[in-house]
Amino acid sequence: MKAILEYWLVLAQGLWVTIWTSVCIIVGAALSAVVLGALRLSDTPALRVASMLVIEAIRAPSALILLFWVFYALPLLPGMPRLSPLAAAILVLALDGGVYGAEIVRAGIEAVHRGQTDACRALGLSKLQSFTKIVLPQALSQIVPAFGSLARSMIKWTAIASFIGVHDVLYVANFVRGQTYETVTVFCLLAAFYWILNVLCGFAFRALEQVLPLNRALRVARVSVRVASKADASVGAAG
Amino acid sequence: MTWDWSFALKILPDLMAGVFYTVLVTLASSAIALTGGLLLAILESVSTAFGRAFVRFWLELARGVPALVLLYFAFYVLPEAGITLPAMPIGIAVLGIVYAAYSSEVYRGSLITIPVELRDACVALNLSPYVTWQRVLVPLMIKRSLPVLVNYVLGLFRETTVLFALGIPVLMGQAIVVADQSFRYLEPFTLASVIYLGMNLPFLFLLSRFKVKYA
Amino acid sequence: MLSAVEFSRSGPFVPAAAAAPMEADGSANRSQQAMWSIEFEKVSKSFGAHRVLVDLDLHVRPGEKVTLIGPSGSGKTTVLRLAMTLEKPTGGDIRVFGESIVFDAAGKPISGSQEARIRRRCGMVFQQFNLFPHLTVLQNLILAPTTVLRQSREQAEKSAFEYLRIVGLENKVHAYPAQLSGGQQQRIAIARALILRPEILLLDEITSALDPELAGEVLDVVRGLAQESKVTLLIVTHEMRFARDVSDRIVVFDAGRIIEQGSPEKIFTNPESERTRAFLRSILNH
């Protein structure tokens, strides 16, 4: 254990890289998920088919082979950039999260009652207005919890970035293990790191759920009902 | 560098060997996962606080820690404990256990949707607990969980790629070996991507069948 | 609710602040000349093999209050949904104040912006209220005025308060829909439709989702509206007494066709068709 402590700085740096990568890919996935998910339900068949193809093409091979392809094979194609390991990892993992997220977004949008869009039309709102002001805010109440568990998996996905030389916490831990031969301690520490990150991510998403418009509205309604029934109870007691 | 068809053809047999091992590992791991998950779910349902805590611990571990870390852990620590095993069984077992934890959640979810009245009926018929589980509850659990389980097996199949880290010759590993030997990256990785994509089709077919059946 | 009833006996239905005319575009001028506020011509609608409407002809005068009655599934609701362009007809033409909402001048399918412009003259209230659950009552009311009519927030809020007074719910401005009873929600939905000052208002079974004791407050609001305002009303309802009170004309539907129409007196006291008699018997014995 003492031997490991000497490496605390490298370990902290590795942990930082993992955290930073996780934040980037989760945010990137959220953005691409909304776009892909909305396109998936577009009224234009061409857009619908195109987004479906993109989703299947990215999702079907695993993230790892895509990562190797983008890092090693992509630069060989004419006109394609050579990405740094970190950039390649963020790109691939964010896209991969985006296609899984797109399904979540799609399901969330479809769960919003049909009457809501009817009402939007009857009030003369444009498609974009009814999506951003009515459908998406309500769908978020379904999307955010599901996306939260996706985000928790995505933290684990960052582990594969070490294969192309990103100095994340797994890469660093392997290095420390080679130096100190304290395999059990290093890996228990590593597992604890990931587990804590995961739990924190869960907390963050639960906090986010609290501020969603529909959840807030329903919470207010529930509280007022409870206050009312309490008032009734006290009236009853007085009588 | 341009695409070289003759090179692509030359490496195809190596990649196909990788396909064979990928299928093998996927089948073996999912067998462990599906039966293990069922046992865990039953254990959690019938047992005391201890059994429940045990299952929850596995679940938290699988949820929170990358499979890759668990793989490395098993690979390096087992020999220290005096157990020397080849990489292949270790890989199969670790993936199997991780996905057993996931699928136990699925089984548990379908178990709690089985109406209480059905269990009451089993008691009323004086069925023994064993027969109740074996003939009524387990078949229902499996039937209801199947579509979600196929999804998890698909996830497991995609995750077999990381087994190359232990030197197991899955398709991913073969692609890397071929690429490193020849210093050509375009063909092996592109071919491997396409093959992985193709290997998804049976799963997608199965899932679409379920969708038709259960929608 | 009291104030709604009170109101329906007194004062003009359109509040002073909101009584400004529709934005002046070419169509406003034409609307004064148009003989019909809404016309259905040989309109048919199928969902797959199921024919919901067959060659429907229906012409409604400006300001006329028309109630569609008939057995469930006879196509009444589809008529309203077609008028609101929530559905596209399979055949035939629909015109709002003389302008088609199906075809453009060249006979091609109408463009989205054209459709949106004409559609603005219609408003609709739904069976399931369809209030936006994540917005407060006030936000529900001002959403369309601020985004569609591009009114300022103050202006929109001012007319929102006026319409809330009309439906008797000015004390619920900051409540969320989930905090209101069904009847209150439906009154808010009516206010939300009225605030855009539609020339045609479509009311689709607005009391069907309500307990009987809550239906009255909603119907009172509509009665007031029918008496005081010049809006064209197209109503689908199963409340026969209400239909009799507010309608200028009753149209009886069966299996996607109009089987009979006429004044409420005629339909309810002396219907021609045996099928109308059968329908009225079934509903009155119920």
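Chains here go by letter, A, B and C, matching the order in which they are written, and residues are numbered from 1 within each.
Criterion: contacts are C-beta pairs under 8 Å (C-beta built on N, C-alpha and C of every residue); 3 or more make two chains touch, one makes a residue touch a chain.
For clarity, every value in this text was computed on a predicted model and none was experimentally measured.
K.L.:
Would you mind checking which chain's C-alpha centre is most distant from the centre of chain B?
P.N.:
That would be chain C.
K.L.:
Which chain wins if you rank chains by how close their C-alpha centre is to the centre of all protein C-alpha atoms?
P.N.:
A
K.L.:
Distance-wise, how many Å sit between the C-alpha centres of chain A and chain B, to the nearest whole number?
P.N.:
Distance between chain centres, rounded to whole Å: 22 Å.
K.L.:
So how far apart, in whole Å, are chain A and chain C when each is placed at the average of its C-alpha atoms?
P.N.:
Spacing between the chain centres: roughly 43 Å.
K.L.:
How big is the gap, in whole Å, between where the Cα atoms of chain B centre and where those of chain C centre?
P.N.:
Going by mean C-alpha positions, chain B sits 56 Å from chain C.
K.L.:
If we count contacts the way the header does, which residues on chain B are in touch with chain A in the complex?
P.N.:
It comes out as residues 1, 60-61, 63-70, 72-73, 76-77, 80, 158-159, 161-162, 165, 172, 175-176, 179, 185-186, 189-190, 192-193, 196-197, 200, 204.
K.L.:
Would you tell me which residues of chain A are touching chain C in their complex?
P.N.:
Where chain A meets chain C, its residues are 113, 115-116, 118-119, 121-126, 129, 133-134, 137-138, 213-214, 216-218, 220-221, 224-225.
K.L.:
State the interface residues of chain C toward chain A in the complex, per the touch definition above.
P.N.:
Of all residues in chain C, those touching chain A are 81, 84-86, 116, 119-120, 122-124, 126, 128, 130-136, 143-144, 147-148, 176-179, 192-193, 196, 202.
K.L.:
List the residues on chain A that touch chain B in their complex, please.
P.N.:
Going by the criterion above, the answer is residues 56-57, 60-66, 68-69, 72-73, 76-77, 152, 156-160, 163, 170, 174, 177, 183-184, 187, 190-191, 194-195, 198-199.
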